[in-house]
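Should a chain be cited, it is by its letter among A, B, C and D, assigned in written order, with residues numbered from 1 in that chain.
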Amino acid sequence: MNRTRLEAFSDGVLAIIITIMVLEIKVPHGNDFEALKPLIPIVISYILSFIYIGIYWNNHHHMMHTVKHVTGGILWANLHLLFWLSLVPFTTGWIGENHFAPIPMAVYGIVLLMAAIAYFILQTTIIRAQGERSLLARAVGNDIKGKMSPIIYSLAIASNFVSQWISGALYVLVALIWLIPDKRIEIILRSENEHK
Amino acid sequence: MNRTRLEAFSDGVLAIIITIMVLEIKVPHGNDFEALKPLIPIVISYILSFIYIGIYWNNHHHMMHTVKHVTGGILWANLHLLFWLSLVPFTTGWIGENHFAPIPMAVYGIVLLMAAIAYFILQTTIIRAQGERSLLARAVGNDIKGKMSPIIYSLAIASNFVSQWISGALYVLVALIWLIPDKRIEIILRSENEHK
Amino acid sequence: MNRTRLEAFSDGVLAIIITIMVLEIKVPHGNDFEALKPLIPIVISYILSFIYIGIYWNNHHHMMHTVKHVTGGILWANLHLLFWLSLVPFTTGWIGENHFAPIPMAVYGIVLLMAAIAYFILQTTIIRAQGERSLLARAVGNDIKGKMSPIIYSLAIASNFVSQWISGALYVLVALIWLIPDKRIEIILRSENEHK
Amino acid sequence: MNRTRLEAFSDGVLAIIITIMVLEIKVPHGNDFEALKPLIPIVISYILSFIYIGIYWNNHHHMMHTVKHVTGGILWANLHLLFWLSLVPFTTGWIGENHFAPIPMAVYGIVLLMAAIAYFILQTTIIRAQGERSLLARAVGNDIKGKMSPIIYSLAIASNFVSQWISGALYVLVALIWLIPDKRIEIILRSENEHK
């Protein structure tokens, strides 16, 4: 059993998630710049979530590259991740429509936190299926980013009791941390190829 | 004629089905937890159907793996299955919006029953195209799950005359039965590979 | 340049077209069978169009199989076909919502006629790119189905001046003609393989 | 790391963008030709944008064909391009609903301009990753079309202060310029193959 179809299905779901978010930017009735003003927070939340889904797709792409044999466990861990990511368009629309109000911002963070946990479960499932000496196990290493993200998400969720702007800044921070492409797996894979 | 494009198209349709269901979770106007309350039954019905579509994708993935030559019959049996699954977002939205009222719950079951029958037809078409000694014929064996599901669905549809909660419990039961990954095909395929 | 990506893109568009049609079946507010009644014509129009898109996907699948080198002309002839097919969800929704009123039924036929012409253009473009002795040229032969369909569509469009039911019957007739899988290409391809 | 999944994801997103635009053509309540009249500007804007997305898909298809090794930079430059293209359904709907009013027409042009810049960044990123002697670098050459488009877009955006019809004519002009398939890459690739 190969990974091609798992990737194709995940790509399909991620492509749809990233694109249906744009449906939240409803065509306004007016025909001047004034009519675009209420859309500004919706566009900002769209940009943030677009980057998040892009990061997940990017990392998913890298991680799946190390999978040789797809097990039932990997299939379901992957669907579990897609489930949480599928809720992102909803939470994105909610924070956009409510101008980043604290409770929508907290729920936005909870969904991101659950997606991060689901990603971690998927990663662990793959490593367990392949053995501790697997490519992915070595590539992930001590996985600083993966451990930092849930902590920052939790802080972001809690910080909504103080100010939603701290929360927003923390979401942007996580995006920035991940935006730096995951060189780790890339490097290990390249050295692997060189040894062949 | 190979199976790649059949899988790609099915993956596309299943990915869209699983994702457009989330459009039913409409962004609420309020910005507190109160605003999320009416969404609870919709989210629950979404989770149930997400798992169902996931199961179908999973089993479809396994079954298609045994197909070497795609015939016209297989193409249409596959489209027939996708037709019934394409109605799942509608019935999911209907049970969610009506808090699992008996008639929507029965219609939800009818669509699932028709999808199960369509899946059985697809399986039979593949086996007939490949001969009784085919990989799939052996893998499916006496097919307990495949025979149990339509019976439980029928019971679930009928039980709505008594209580929709029995019906709901039975839908969850079928999901649980299938959630256990289909080891049968996996095992046969593996032993096949070992003999090579 | 290979055909893989052309097929992937076409599959994606066709998968989305076939699935967004289901969005026209809006979740009703009532929770009894009465609430489903107004949906009956919408479901019927959905079934008809689902079969039509299925036929196009099926034939597209067969035809593309004969393409070895994708030219710019083939790319644009393919996009032209997808354009007309992308209007099918709209015309489907229109005939469904208006209980098959004559003018929507005529417009439904016009879009189908344009799609048939676009399919013919694509077929001709492929044959011209490959030469008259190509696999497709031989497989298509005198192309009775392909020549009959536009004639029946034209009759169906015109018959709306008399009765939309004649029109509807003719649309079902074309679907039935094509539902019989296109053995021609399958046979030629198979004999081709046997000669190798 | 190969380009297959990057193409698959891009195809998915482009297929969804091109198809969700059709959702803007809302099913009218009337059942006569009168009911279709208000849809005419929406259909015109749909045709224009369909051609634009088709052009981007076409050129993307050609350009990606020259990529052998996908880097993190290419991944993100590609996502950046998809981001701007994902806003096209919104601007398309806006110009359609407002009968090509000047400000929506200007915003339509700004999104196209940003997409053209994003395409240029992606092209530059690929060339930089492959070296100045790469296939793409030679194929692109002095890149007249690529340099002309942003200039015409800028003129089109500015011309809305005079008349939106000049702006519209310029958008059609750019589409026509690109509609002529990009022979450059095709020719270089072919001569490349002949040398092997």
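Observations on the structure shown:
Here is the rule we go by: a contact is a pair of C-beta atoms (placed from the backbone, for glycine too) under 8 Å apart; a residue touches a chain by one contact, two chains touch by 3 or more.
Since the model is a prediction, treat every value here as computed from it, not as a measurement.
When subunit A is laid over subunit D using CA atoms, the rotation angle comes to 90 degrees (nearest 5). Where subunit B touches subunit C, the two copies mostly use different residue numbers: shared numbers make up under half of all numbers in play. Chain centres here are Cα means. That of subunit C falls 26 Å from that of subunit D. Per-chain Cα centroids separate subunit B from subunit D by 37 Å. Shared interface positions of subunit A, defined as residues touching 2 or more other chains, are 8, 12, 15-16, 20, 23. Contact residues of subunit A toward subunit D in the complex are 7-8, 11-12, 14-16, 18-20, 22-23, 25, 27-29, 31-33, 36, 47, 50, 54, 57-58, 61, 65, 179, 181-183, 186, 189. Every residue of subunit A that touches subunit B in the complex is listed here, in rising order: 1, 5-6, 8-9, 12-13, 15-17, 20, 23-24, 71-73, 75-76, 79, 82-83, 86-87, 89-90, 93-94, 97-98, 101, 103-104, 107.
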